[in-house]
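Order of writing sets the chain letters: A, B, C, D, E, F, G, H, I, J, K and L. Residues in each chain are counted from 1.
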Amino acid sequence: MATSETDHVYKILELVGSSETSIEDAIKNAVSRAAKTVREMKWFEVVQTRGHIENGAVRHYQVTLRVGFTLDE
Amino acid sequence: MATSETDHVYKILELVGSSETSIEDAIKNAVSRAAKTVREMKWFEVVQTRGHIENGAVRHYQVTLRVGFTLDE
Amino acid sequence: MATSETDHVYKILELVGSSETSIEDAIKNAVSRAAKTVREMKWFEVVQTRGHIENGAVRHYQVTLRVGFTLDE
Amino acid sequence: MATSETDHVYKILELVGSSETSIEDAIKNAVSRAAKTVREMKWFEVVQTRGHIENGAVRHYQVTLRVGFTLDE
Amino acid sequence: MATSETDHVYKILELVGSSETSIEDAIKNAVSRAAKTVREMKWFEVVQTRGHIENGAVRHYQVTLRVGFTLDE
Amino acid sequence: MATSETDHVYKILELVGSSETSIEDAIKNAVSRAAKTVREMKWFEVVQTRGHIENGAVRHYQVTLRVGFTLDE
Amino acid sequence: MATSETDHVYKILELVGSSETSIEDAIKNAVSRAAKTVREMKWFEVVQTRGHIENGAVRHYQVTLRVGFTLDE
Amino acid sequence: MATSETDHVYKILELVGSSETSIEDAIKNAVSRAAKTVREMKWFEVVQTRGHIENGAVRHYQVTLRVGFTLDE
Amino acid sequence: MATSETDHVYKILELVGSSETSIEDAIKNAVSRAAKTVREMKWFEVVQTRGHIENGAVRHYQVTLRVGFTLDE
Amino acid sequence: MATSETDHVYKILELVGSSETSIEDAIKNAVSRAAKTVREMKWFEVVQTRGHIENGAVRHYQVTLRVGFTLDE
Amino acid sequence: MATSETDHVYKILELVGSSETSIEDAIKNAVSRAAKTVREMKWFEVVQTRGHIENGAVRHYQVTLRVGFTLDE
Amino acid sequence: MATSETDHVYKILELVGSSETSIEDAIKNAVSRAAKTVREMKWFEVVQTRGHIENGAVRHYQVTLRVGFTLDE
């Protein structure tokens, strides 16, 4: 955490990622999809974990994230 | 809810709509205004309902929404 | 609120009602559907107001309610 | 929002209004009743939406509001 | 999400599932146990994640879920 | 907390109990009323404490509880 | 709950009562003190329970209440 | 904190103060304005910090406070 | 509340106390146990009230407290 | 607050600003950075106040804001 | 849950664990690190799940836990 | 944020600092007092801002902080 970091302004983006496998995978899917257009993402925070059920079984996980990224100078 | 839907990543937008008529109308105003630039909106969630008062009467309703839309592949 | 009311035990049920028309209508739909099997419902509380969007317009409102009813003696 | 507005101190009042018709009507009833004694109300915020049920149907809506008004100089 | 879906009333059930393996496994255990008596479960939402510790190690995960299911017509 | 306990799935019930005497008594009234139909209740959590007032005095306490019970195998 | 009750507008007051004896006694102290100036109090809701400690022992309980009363017509 | 203090009943008032300078100044403005009519204020708690923006700069801070004062015997 | 008190720094401890008798007794048990090792405790705040149920009856109350104490100079 | 204002739709942006000096300065840094690309910002709301510590001293403040701005017609 | 358990006083500790692999692994890392100095840990509760992002990918998970342990008699 | 940082386990401490001058000063007082006994503090988060009032004026600010520090290996 160098001195220059203290001057950054972050913007927070809210995303929902999905996965049939795991909560971690849903997080990764959201982050990697956002990485196509947003540079300099620094952290995330899980806001909510949900999912869909089909035929009495978990069909997929759905995780809502707040993602912080640096606004370029 | 077809299988392919499970792969979507949603982005969440936060909006405030207003109406002199009703809470539902304030929601519709926010959604239709956003539809001018955002495609593929799927759901909304009411975060807060407020309003202004003038001369002892409700002047208009103001509803804060979180709106989820699919990020195009 | 007669004295005998103070002895009641209430049970709380959580429901989600939908309507294409209004928030009030979504509440009424949930309550009237529950009335088919639950007697003696006394009050409700709105927990969340959401909805779906199709083609850039609100398709229907979806209201989550907690409903209290008296357990029969 | 003129400059002088920035000097105001607001007081917040908490009210519950009722209506057999709609959530908006319950809000209006609370505001118009308060207008009999409180001048210079400026805004409201919905804190909770509840209601009573009788014979399996919604009997009336009950909306809790926080109302802000200017303290006269 | 066909038109007829908009008429459904959902009931929400609250469950706690456990697993010695993972959070996802605790969710699956709760859902599959509920599937024995509840038909037409559609979605879940994680309310709380807890667990027990024995001899300085995580013994099992315990996940509280709200589960929504369609009330049959 | 034997090993077999880790396999249980709990269901959570929400109840409101009343008492003219004390908060503890309102909790006991809700639990003993529920015990008539629900077996294997294990824990409770107080969600809200309210009450009614008559003639300037507390008439009775009303406590909302979440109660967890084991689903029989 | 007669029909005419549905027309009432309630105002909510926030109070803190204290007692060296019990939580219930702190609630009663707040309500009976308020009854000196406020007529037609109908219900209360506990917002927070705190207290002071002296010499390693509980000195008194301090309970914050929201109290609803009818605005006279 | 003398013994007699444990018998007090406090009333809580909610205020919004503003300042172009600082958050502390907005708090002071609300408290000194309330002091014109309310005696024996003892403590405050910040509920929300907001503000207005004009021409891309902070125009003023707006702080919502809960203020506790002793009800005179 | 003498002037010198304004310079104190408090540390907050979180405790859970139990009692088969009452909520107040569970609070006292937690405070008196902590008094064995922590000097200068000043206040507490109830965070959660729970309990266990055995054979359809409340077995004991369990109260989570935040306790503030002065750090010695 | 002229009539035409009631027709606006606001969008809410979430930002994190930093400052080594004060909370107010962190707010100003976030707002002035956002002003480079966002026109018509109207209000902000503080969501969280955090900071970093280095060598036992506060290194900088970090304030998370929700900022509302008018969507141009 | 034997009778003697009802007399315990628990203390709650708040920890943050990290892992590059999974949320469960971050929980385990926090618990096993704490086990070096804290005996008789009994349960944990997840308070927050966050993480860092580097080069558009999740770098590690960071889970905040509240951990309860028995105070030795 | 070097790789080795990802292995840290943090402990969170809760403190209340006071100041007659400003919110920032109350934060600094809490941090510098804690620095006497706690090494490697890394971040803080403001949980609550309160204060005392004397003779109709703010007497001092009181800020509750959660402070995270690294547990030494």
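Criterion: a contact is a pair of C-beta atoms (placed from the backbone, for glycine too) under 8 Å apart; a residue touches a chain by one contact, two chains touch by 3 or more.
The chain list, named the UniProt way, goes like this: A, B, C, D, E, F, G, H, I, J, K, L = Dodecin flavoprotein.
For clarity, every value in this text was computed on a predicted model and none was experimentally measured.
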Among all the other chains, which ones are in touch with both chain B and chain I?
none
Minimal step count in the chain contact network, chain A to chain J
1
Pick from A-J, K-L or E-K: which interface has over half of its contact pairs in common with B-C?
E-K
Relative orientation of copies chain C and chain I, as a Cα rotation angle in degrees, nearest 5
120
Report the chain whose mean Cα position is at the greatest distance from that of chain E.
H
Dist(centroid_CA(chain G), centroid_CA(chain H)) in Å evaluates to 22
Distance between chain centroids, defined by C-alpha means - chain E, chain J (Å):
38
At what distance in angstrom does the C-alpha mean of chain L lie from that of chain E?
38
For chain C, residues contacting two or more additional chains:
1, 14, 22-23, 34, 52
Going by the touch rule stated at the top, which chains touch which?
A-B, A-E, A-J, A-K, B-C, B-D, B-J, C-D, C-E, C-F, D-G, D-H, E-F, E-K, F-G, F-I, G-H, G-I, H-J, H-L, I-K, I-L, J-L, K-L
List the residues on chain J that touch chain H in their complex, please.
22-24, 27-28, 31-32, 34-35, 39, 41-46, 67
Residues of chain L defined as touching chain K within the complex:
1, 6-12, 14, 66, 68, 71
What does chain K use to touch chain L in their complex?
13-18, 20, 29-30, 33-34, 52, 59-60, 64
Within their complex, chain D touches chain C through residues 22-23, 48-53, 56-58, 61
